């Protein structure tokens, strides 16, 4: 039963981070802060949910898969966030 | 447990409302770019819907083909729509269509409500085909029932569908022969920051997942289409990063890749007369290997055709890397 | 199973797509509307598949998979044709052709 | 599964998969000469193979071949009866004629996408053959997609703004049409759990449920958009007029007819229970309106190819008359009409193509003086026109004769009047075209007619002449072919 | 436990719906690009939760596919020149 509690706790905190990310997306004034809120909160949220599910899953391949998804998500999010920020930046200079 | 049913139906209600809102925004929204974004998100939501309705194969296909490739093609259209627009033309204004709004809205609303009622009221009592399909799927040498239907029971559908995909490419070439439009993604003069590293990271993962999906297709959700679309998405990524140079000379490797699927499948259909009275019948022994071979050919053809459709050129050459600027155009 | 919800959504999606096809003249937008209509029919097929007694019925799922590939082929060719049509004529709707 | 004699499966396999493999070869090895020889030889072989197939159909009645050896309802059946056989013969004959013509035309015009044309033709040919013999609703949808996605590029092959605009309009009509057809297929599957036509027809016809009726409506509207039947015909005249001669011949003779063929195949087979005689009369009226509208429009055109395109819209209307008149004689008459119209329309378009090559433009005024220079072409065009109008001794007359007798037998005399009117109007617009060429002297401002620079080589000249001759020959062999056509006709109490 | 996971999935979907508001309002185009990032991670998380609540492990593979496609989509966007977006966004000013 202990593992169940860990899973529930981790997933709840993960969802809280997602909520933070969305609130940040809606409330923050400009693109960069929203970008910051989005990538940081969401990735941590996703990480915690993956962690919770890892515990719930318990099998080695399951854990590896979830870990792999998390790492890939972080990598993809950082590159995308960087490119979008740079793109938005260059929008300012061009016209 | 009523709570889980409550949550499940809550999830579905929200999903459906999201689908309808996204579809409405994609169609009646003002900006074309915004509509394309909405449509891509609609594709993502459809993939979640397929997962929710218990058909993971379709979730994979919708994600890879529906959201991935179609989204990239639509972005291409957006970009082409503007970059080739002559200066005198105003932004994409929408001229009133022949059908006036006061007629179109009630007509489609009536059709929609009528269909919704009809679709809901048709009794879901299966029928001869579902029973036969479910019963036959258990004893079939392919464990994945959908692949067994696609590649055995209704094999001619899959074969002719490959002809449709090939025709789309030949049709695009007819247009290319008439008028060579400038490449949409010219090779970037300065290498994009961070993109090569993302490419280096994603390529092995995509290749691995693609091959896994192909291999899993015979006994678990997955198959030639999902794997082909995923490899197509990888090709799109390479084109975006400037690693492909589109050329207009006919490339033999490209021609082989796009025709191997249809060619092999048709050859199998003809040769199957040797061991069976009717075409497209699988031999007793070696059927599994044959299906894998055909699926592999289909995967290659789908990936190659989708990439060529995205790039919009006759063939592609892979360039070593983007760091030497001014690559051959 | 909330099958009734998805089949009603399928019907309404078909209506939205039909409405889009009827009123929009901008070519890419009409193509999106046609895709939405096709997706609505696919959704209905999958609801039928999911609600077949004793197990999801693989035949509609195979049909929808084939349908998705055909839809992406048609969309790809249509977008190529739109691009060339716009490059040649600079207009964004075919009825503008001159019927002499 | 009745024991089919050994030649049926190989023939059907050849008809569907050989053109596909030829298309693959065309993509891999784009040598014009080789591909033309391949397409002509494939055409000849399929004609040769059709003879024993017709014998078997005549002997054993409608054939049923289950693909992959899977019994119905799971597998996909191929179903060949008199109607499908006639369509296979039409595709083979027209295909062979157009292939010969195209090999000459592509060289004389030195078209840049010669290779694409040949690939499109091979895949279209395979799609058409598969469509005519397919006995499964969803399989028919896939074959319909092949014909559409091969036909639209064929229209776009003729370079220029009008061709692209017509192709665009055609694509949108066909796109919405195929989605409506798919909706119909989905509703039928949801209600009956069946896709195979033989199984659907074999159901004892208790009243069809609401789903099936709406499905029939959706399928009929979808097919009407694809076949350009009267209310939804807007795209056809522009597309068939803009397309190049071999493409227009294929489009008018085969592609538009395939969708119209499906309307009859589905109304009289699987959806028997879904319509009442009143609805049948309505379909007949739609057909007659199509005939009248198409013919009147054809009379108003002042360019050659739109006349022929509107004539297609008119002649397709006749096929709908089979629904109210569903008797064996009517079945034979309509199939015969479809066969003769296909051959004559292909001859008409190919001959018109030669004339346009000679004159340089396709305004009817420019035809003056053609009777002296391009006389053989003009003769072929005139004979084809006569066959379309249905005047003796051509096959068209036999077809109209059977249809009129069927209408009178069942006491629905008004269809007989409509058929007569249709034939009269058709004769009018054909003779109007011919009169431009024969009577009026060549206006001074038109430069003197000359055989095209290198003269119309034989490859361009003989196909229209032979196709027109075939249409006339069908006038003689009416009684001989009647029993072939009657195979599988629905026995509907008059 | 499955109920809880399903509840979390529902919560994330509500999150997603809120995110869609940003797409609707989003003055600049970069904001709309943001939603792709939002949808990328949130849909992946929803699918993972669904996978374990519906006990259909294949959804994890679908989630894996989503992660990759989200990366590709954002790269596709980023290769977009700016005037493309302004002109297709019916001319509305692009800067907040």
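Quick notes on this structure:
Note that the chains take the letters A, B, C, D and E in the order they are written out, and that residue 1 is the start of every chain.
To be clear about the criterion, contacts are C-beta pairs under 8 Å (C-beta built on N, C-alpha and C of every residue); 3 or more make two chains touch, one makes a residue touch a chain.
These numbers come from a predicted model, not from an experiment.
Annotation of chain C and chain E: jointly contacted by B, touch as defined at the top. Following the contact convention of this document, B is the list of chains adjacent to both chain A and chain E. Here the largest set of C-beta contact pairs joins the chains B-C. When you average the Cα atoms of each chain and compare centres, the chain farthest from chain C turns out to be A.
Chain B and chain E, compared by their mean Cα positions, are separated by 19 Å. Between the CA-based centres of chain B and chain D the separation comes to 32 Å, rounded to the whole angstrom. For the pair chain D and chain E, the distance between C-alpha centroids works out to 48 Å. For chain A, the set of residues touching two or more other chains reads 72, 75-76, 79, 83, 86. With touch defined as above, residues shared between interfaces to two or more other chains in chain C number as follows: 14, 17, 44, 48, 59, 63, 66, 70, 73-74, 77, 81-82, 84, 88, 95. Among all residues of chain E, those that touch two or more other chains are 29, 36, 64, 68, 71, 75, 77, 80, 83.
Remark: the chains found to touch one another pair up as A-B, A-E, B-C, B-D, B-E, C-D.
Residues 192-195, 197-198, 201-202, 205 of chain B touch chain A in their complex. Taken together, the chain D residues at the contact with chain B in this complex read 4, 9-10, 12-14, 16-18, 20-21, 23-24, 27-28, 30, 65-70, 73-76, 112-113, 116, 119-120, 123, 126-127, 130, 136, 138-139, 142-143, 145-146, 149-150, 152-153, 156-157, 159, 183, 187, 189-195, 199, 209-211, 214.
Of all residues in chain B, those touching chain C in their complex are 8-9, 12-13, 16, 19-20, 23-24, 26-28, 32, 35-36, 39, 42, 46, 49-50, 53-55, 57-58, 61-62, 65-66, 69-70, 73-74, 76-78, 80-81, 84-86, 89, 92, 94-99, 101, 104-105, 107-109, 111-120, 122, 124-126, 129-130, 133-134, 137, 145-146, 148-150, 153-154, 157-158, 161, 164-165, 167-168, 171-172, 175, 178-179, 181, 225, 302, 306, 309-310, 312. Interface residues of chain E, counted against chain A in their complex, comprise 1, 4-5, 8, 11-12, 15, 18-19, 21-22, 28-31, 33-34, 36-38, 40-42, 44-45, 48-49, 52, 57, 60, 63-64, 67-68, 70-71, 74-75, 77-78, 80, 82-83, 94-96. Residues of chain A touching chain B in their complex: 72, 75-76, 79, 82-83, 86.
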